[in-house]
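Here's a structure for you.
Think of it as A, B, C, D and E in the order they're written, each chain with its own count starting at 1.
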Amino acid sequence: MQRKDRLPRPKRAPGMTPGTLVIDPSWPKPVIQVIAYGPDQFLEKRIGDVRELDGLIGKYPVLWVNVDGLGDESVLHHLGQLFKLHPLALEDVVSLRQRSKVDDYETNLYTAMRMLYLQDGKLFSEQISFFLGSDFVLTFQENEGDCLDTVRDRIRKKGGIVCNMNADYLLYSLIDAIVDAYFPLLESYDARLDDMEELILKHPDSSSVALLFDVKRDLMTLRRTLWPVREMASALVNTSSPLITQPTRIYLRDCQDHAIRLLDLAETCRELDSSLMDFYLSTISNRMNEIMKVLTIISTIFIPLTFIAGVYGMNFKHMPELETRNGYFVVLGLMAILGFGMFGLFIKKGWLTPKRKLRRLHK
Amino acid sequence: MQRKDRLPRPKRAPGMTPGTLVIDPSWPKPVIQVIAYGPDQFLEKRIGDVRELDGLIGKYPVLWVNVDGLGDESVLHHLGQLFKLHPLALEDVVSLRQRSKVDDYETNLYTAMRMLYLQDGKLFSEQISFFLGSDFVLTFQENEGDCLDTVRDRIRKKGGIVCNMNADYLLYSLIDAIVDAYFPLLESYDARLDDMEELILKHPDSSSVALLFDVKRDLMTLRRTLWPVREMASALVNTSSPLITQPTRIYLRDCQDHAIRLLDLAETCRELDSSLMDFYLSTISNRMNEIMKVLTIISTIFIPLTFIAGVYGMNFKHMPELETRNGYFVVLGLMAILGFGMFGLFIKKGWLTPKRKLRRLHK
Amino acid sequence: MQRKDRLPRPKRAPGMTPGTLVIDPSWPKPVIQVIAYGPDQFLEKRIGDVRELDGLIGKYPVLWVNVDGLGDESVLHHLGQLFKLHPLALEDVVSLRQRSKVDDYETNLYTAMRMLYLQDGKLFSEQISFFLGSDFVLTFQENEGDCLDTVRDRIRKKGGIVCNMNADYLLYSLIDAIVDAYFPLLESYDARLDDMEELILKHPDSSSVALLFDVKRDLMTLRRTLWPVREMASALVNTSSPLITQPTRIYLRDCQDHAIRLLDLAETCRELDSSLMDFYLSTISNRMNEIMKVLTIISTIFIPLTFIAGVYGMNFKHMPELETRNGYFVVLGLMAILGFGMFGLFIKKGWLTPKRKLRRLHK
Amino acid sequence: MQRKDRLPRPKRAPGMTPGTLVIDPSWPKPVIQVIAYGPDQFLEKRIGDVRELDGLIGKYPVLWVNVDGLGDESVLHHLGQLFKLHPLALEDVVSLRQRSKVDDYETNLYTAMRMLYLQDGKLFSEQISFFLGSDFVLTFQENEGDCLDTVRDRIRKKGGIVCNMNADYLLYSLIDAIVDAYFPLLESYDARLDDMEELILKHPDSSSVALLFDVKRDLMTLRRTLWPVREMASALVNTSSPLITQPTRIYLRDCQDHAIRLLDLAETCRELDSSLMDFYLSTISNRMNEIMKVLTIISTIFIPLTFIAGVYGMNFKHMPELETRNGYFVVLGLMAILGFGMFGLFIKKGWLTPKRKLRRLHK
Amino acid sequence: MQRKDRLPRPKRAPGMTPGTLVIDPSWPKPVIQVIAYGPDQFLEKRIGDVRELDGLIGKYPVLWVNVDGLGDESVLHHLGQLFKLHPLALEDVVSLRQRSKVDDYETNLYTAMRMLYLQDGKLFSEQISFFLGSDFVLTFQENEGDCLDTVRDRIRKKGGIVCNMNADYLLYSLIDAIVDAYFPLLESYDARLDDMEELILKHPDSSSVALLFDVKRDLMTLRRTLWPVREMASALVNTSSPLITQPTRIYLRDCQDHAIRLLDLAETCRELDSSLMDFYLSTISNRMNEIMKVLTIISTIFIPLTFIAGVYGMNFKHMPELETRNGYFVVLGLMAILGFGMFGLFIKKGWLTPKRKLRRLHK
């Protein structure tokens, strides 16, 4: 897939008239693609002037108008009038911060979704808006390039049943394509966590915290993106709008199932991530404790020995031991006994657990 | 926006007669502003004496009376009788501790909200109360100065559709302006947390805990303010009161959407804040552990060496090594071997991990 | 308010006949106060013998019988027969462990609540039971002394609308007085937590844990007391019983609002308490780490120096340095260089962060 | 109460025919006790042969058949046919792992509960099953000995209203007796936690963790036992089955109240337990930190002094101080100044907080 | 049970036509087993060619077609046409990642479940799909070998009531057999946790964290598998589909009960696991603290003694003590007094708690 730019999201001034379109000058100009089809009709073209659309309305069983780029207010207003879109829905199209949702405007149904991309290890999202009418689907995207080409191909090749169904089945096909595109993304996080578990078990390293934290943050975003998707799918299945026909609802129920599985997967990843964090923290603290213990034991053995050496380094005139012939060797011997004795005691008490025991249990 | 004062909130004695107005003498005196309008009518004036209002009622399609300052009981009682407000609702107007809510008093609808301000880094809130009747909106604020000027401008300039709609659309416009004003506030917290993540990664510092704790506290307040806003918006959309007309409900649904997005944002900030706290704590504890480890390793290397020096500082008469010509140099050499040997061993065991490894992983 | 005694709560034997009254001999004997009133009637008297009540029933629009002290079974049984109370409700009156609740017994409505007192820094609660009939309210308290005097005064002075309303408005007034009395209590905890935040920031002290733990325990009790209050208020607003009239329901809705705000306040305090606990723990652990670090740095600087001194304290015959004229001063100089060098290195590495940095960030 | 044995619970093979009774040979043989009564009838006898029951059916307003011991399949099958019990319900009677529940089999109502016992400090439970028909109650217990003797006594002595009510009131009385028996158990845990708080405050000891963990485990079991009891009580109050009459529902509502209070109590204990765990952990870690700090301060004071002693123990030929008359005393003085100076500094910095401060705050 | 292979799960390309069957070439080829029966009919055979089925449809009251292996698309399509299966349901059969669920396709009911296996200490699951028609049950499994042989045996031997019931009872029997097979699995985890508690109490070992983490991960998987099972059972009990008859619903309610108990068991295990983790962590940290304390006390006792020895090792010309006859012995005595004095003080302060105390409490 081609490289995506994350567009600037201009802020709305609080209290602005509802329905005002706030458009950033850097946004790409709209590119309009039309696919119109029916059981035995097919038309596909790129449209330069939005007014070319006027003649196409009502001519085909299903008319799909895809608009890539939102950088021209007049085009949006023209489309709004042509398809009788509510000003609030048009405002939502350009606000670019929508949660997935369904709004029923009686003559048409507005649906917002987010497409997720992982680019250079960063997760970001693009908004896609759908309008479903009785014989048209309108889609608005921030940028060119999407995951809907498989649907376009199916229409072109008359694959599947899409050409024999109404516009609502097209809406389903598009939403389904986007929902399916979440799976590889989530599975990549799942795989990353598996790798990290291996890593933590083998080389517990303080860098893992930062990585786990990054993954956690992305998973938080994912969950916040996926919860509304589930609600949206459920709203589409149960909507009272006659725009969604009964056969399509069975397909949408399948889509809702996928959304539930996605959420499940995201939750599993989140739990795994925080379990790994705990596991890492206890591993690293164990390791640190082991090191400090070994170091302290070394000091503890040598400090009493140094004391003994200090005693015989005193300059008292009268110290009988100093005069004896073997005093030095006796003291050296005593020191050796004391040192090895303490070492032995520490081992016996289990304060110096050999690492082998640990490894045996992991097999 | 002009500087706001946080007003004192006098305590109600328990068991006080319901409907009693408890007014603090330091509260500003009421300043009444009237905006009356219709598709082709417009009147705006400041009113000195509350009785001037009597003649305006019922003369305009929509009458907006805004009262800034609650420091005069007689004015409130006069308004209460004029607009047939329930004594409990008037009590709520002056209690200044309301959660956002909607109360249906049949002839009118009472709505309470809180406006949030960030002043000198402190978050505080001001209460605003709305009464919606069939042809009027009454607003009560603690202080002069608000975020509703954009709505006033729209009415003055006949911008948007506000002049062609009923009083309920004005209520929506006011609530929408206040809800929109929450966004910049929440985004400022989001930005602050982003800055802090950077800071913690670069200079983990014990001051961060206090800052994160401050932010957490504010986010707790925000969440407690925003939850009832969502409920209030939902109550307005679904109210059985005929005062809210169908077209306005579509607009209120949009407002409810914004409230949900605000809560979402607040939750994300909260999760981020506690993740950052965990991240900071594990970073700082890692750093501290590393320091203690290095220090302990230095001691551990020198304590055995000092012991050897101590041995040859003993004053025994008969210590053969002391007599040899190169004994001193041999011992110095042994000490060097032992010292560097231990140092090497610690590095080999990975107890002295070079910092470079960590940095490489962060790229 | 006068001093309250916490009464013993005798245990019910499991399997006891439902409706049995288990009364502790140490409970105070009942003191019965009657207030009977209507728009233009008023009677108040203390009653020595419970049979005096028989003649009062049905004579006044509203009859309020308040019983302080539950230590006489015969009085309770007489009241039970007189007002047709269900045996289970009477059992609840004396069990003293009720959660706030509403039970609908068709001819009357039983309501239980708890009044909270803070005495000598200990939180404890007293049970109050209400029976609402069409023209009477019966209240049972454990002890004399309550927070209902303001309501009594209002009736005596014909203040507010209480004298023109039915018995259900009296019930509301009593419940409202009790709910209002929770506010000062909760605010005292809020204030205490604010003080503790100050304290922890200035003098983090291990005693804070115990104090925070005490507050936490009280807040747990408060929350457990307030949750059922909210449910009780909601049950009263929505009850199908004709004993609660429509105008009173509007007042009860206000009471329900207060209960929600109380819960909110209690939750905020709880969150604050556990945040403070976390904040304190990380502060104290930071402080402890800083101290240990400084101490360890001192040792780490002197241990290598002591080693050098030890080397030149060895008694080898042939140690050329010892013979030189300035050897001593050269070694002293080297030690100074090494000591200050290590000190400088530790500062440069940021291991000895000056405290000033921390303070600057708190401004 | 007599000593109870925990019976073995044989495992069902997966896929076994539904309704198969899996009976362990070690279970006690059934002992059948019959109590039949009405307003003026009473019969109580132990039955040796289950067929004796056939003649009793339908002869008394209420027939209570209590079966202690499930170790004989033929008896169970006979009872099943006699009282028209569903095979699945009989299977539940012997599976001994039921959660409390109500199953409506139209002609009768199956209810399962668990009786809890604390024996030798271990918590364990025994299953009791009830079948309610229009004129009979059947109870099945694992073992002889229960908490239902008070109910038996009430029937024998015609105490309470039980003899004038239908079989459903008997069911209520039995369930109520079991629910009431939970209270002393929970209160014993509450008391134990109070004792432990005292203990932790006075002698924080590492053994407390294990005790708190044991209590936590029991409280987990209690909560899991009590949640279904609440659901069961609520199911009985709201069941559509005509077997439960209206007057009994009022009594069952009381029982439901008790179940809610039990859960409340269990939750309070759980929260208390984990608060105590946190409190203990921070107390013990404070204590440990204090000890380590004192020990480290001692080392830190003496290590620099030892260094000075080491310097003057060097054997350089030319060390002017050594020659002076008072050098030794001057150095000793310097050491004292340095030692006490460091000690004073540590106290001034608050690193050696006296314990008194802590105690003062606890009063 | 024979060894199971975990099959590869090929990924679906996002946007693929709904209803496409993605089949991995390594999957085993379908093996079809037919069991057809009625009250007095029985037929069992293995079928080589799927077209042999055509003649069997509608001939028997119940026809159970079991397909082991999904590696042949044409077989699946043939079955799909024969039994009128919805393309989306067939897609679910081969996707192998379904959560347990019920989909109502009017002419038939699709049910998915997962069978869990513990092989070489690893938990993995196999998908099983059911289609219920008015007179047939179709089951699809990934592999040969399952836990349904007991059901087959019951049909063969005309055991239980299965032969007299409709196809829905067969569906229940199969689901019940699978649900029952979860119990031994969960009980094995429960037993493992009991063993670990013992282990942690006796030999707290850093390997336990990894084991507890493994168990936690499996329990997370179990919970995620069991939640949907509960929902599925509840959906089957309450479905509006006429394919499930009333008598079978009573059996399914029993199955739902089992699912609830399974979830309960899984939750208990999870809580136990995390309690054990906490318990282990505090045990290990206590132990580590004890060790460090003992080691530090040893150093603390000897460092001041070494200082004294150092003082008398100084080479000052004039050190009066050195000249005295008994100076050496006096100093040795002082050292002994100081050393034992500090040791005694530490014991008195309770810093060296004997281990016996701890053990006594555990009895």
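Here is the rule we go by: a residue touches a chain if its C-beta (ideal position, glycine included) is under 8 Å from a C-beta of that chain, and two chains touch if they have at least 3 such contacts.
Only a predicted model underlies this, so the values are computations on that prediction, with no experimental measurement involved.
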For this session: Give the touching-connected groups of chains that are left after chain D is excluded, with no other chain moved.
Result: one piece
For this session: Determine the shortest chain-contact distance, in steps, between chain A and chain C.
Result: 2
Exercise. How short can a chain-to-chain path be from chain C to chain E, counted in steps between touching chains?
Worked result: 2
For this session: Pick same or different for copies chain D and chain E, depending on whether their interface residues overlap by over half.
Result: different
Exercise. Using CA atom averages as chain centres, what separation in Å is found between chain B and chain C?
Worked result: 26
Exercise. If you average the CA atoms of chain B and of chain E, how many Å lie between those two points?
Worked result: 42
For this session: Send over the residues of chain B in touch with two or more other chains.
Result: 292, 296, 299, 303, 306, 310, 313-315, 319
Exercise. Does the chain-touch network form a line, ring, star, complete graph or other?
Worked result: ring
Problem set entry | Starting from chain B, with chain C taken as the next chain, the full ring order | B, C, D, E, A
For this session: Would you tell me which residues of chain A are touching chain E in their complex?
Result: 147-151, 154, 159-160, 162, 173, 176-178, 180-181, 183-184, 187, 201, 250-251, 253-254, 257, 260-261, 264, 267-268, 271-272, 275, 278-279, 282-283, 286, 289, 292-293, 296-297, 299-300, 303-304, 306-307, 310-311, 313-319, 351, 353, 357-358, 361-362
Exercise. Which of the residues in chain C come into contact with chain D in the complex?
Worked result: 11-19, 86, 88, 91-92, 97-99, 101, 103, 105, 205-207, 209-211, 213, 216-217, 220-221, 224, 277, 281, 284, 288, 291-292, 295-296, 298-299, 302-303, 305-306, 309-310, 312-315, 319, 321-328, 331-332, 335
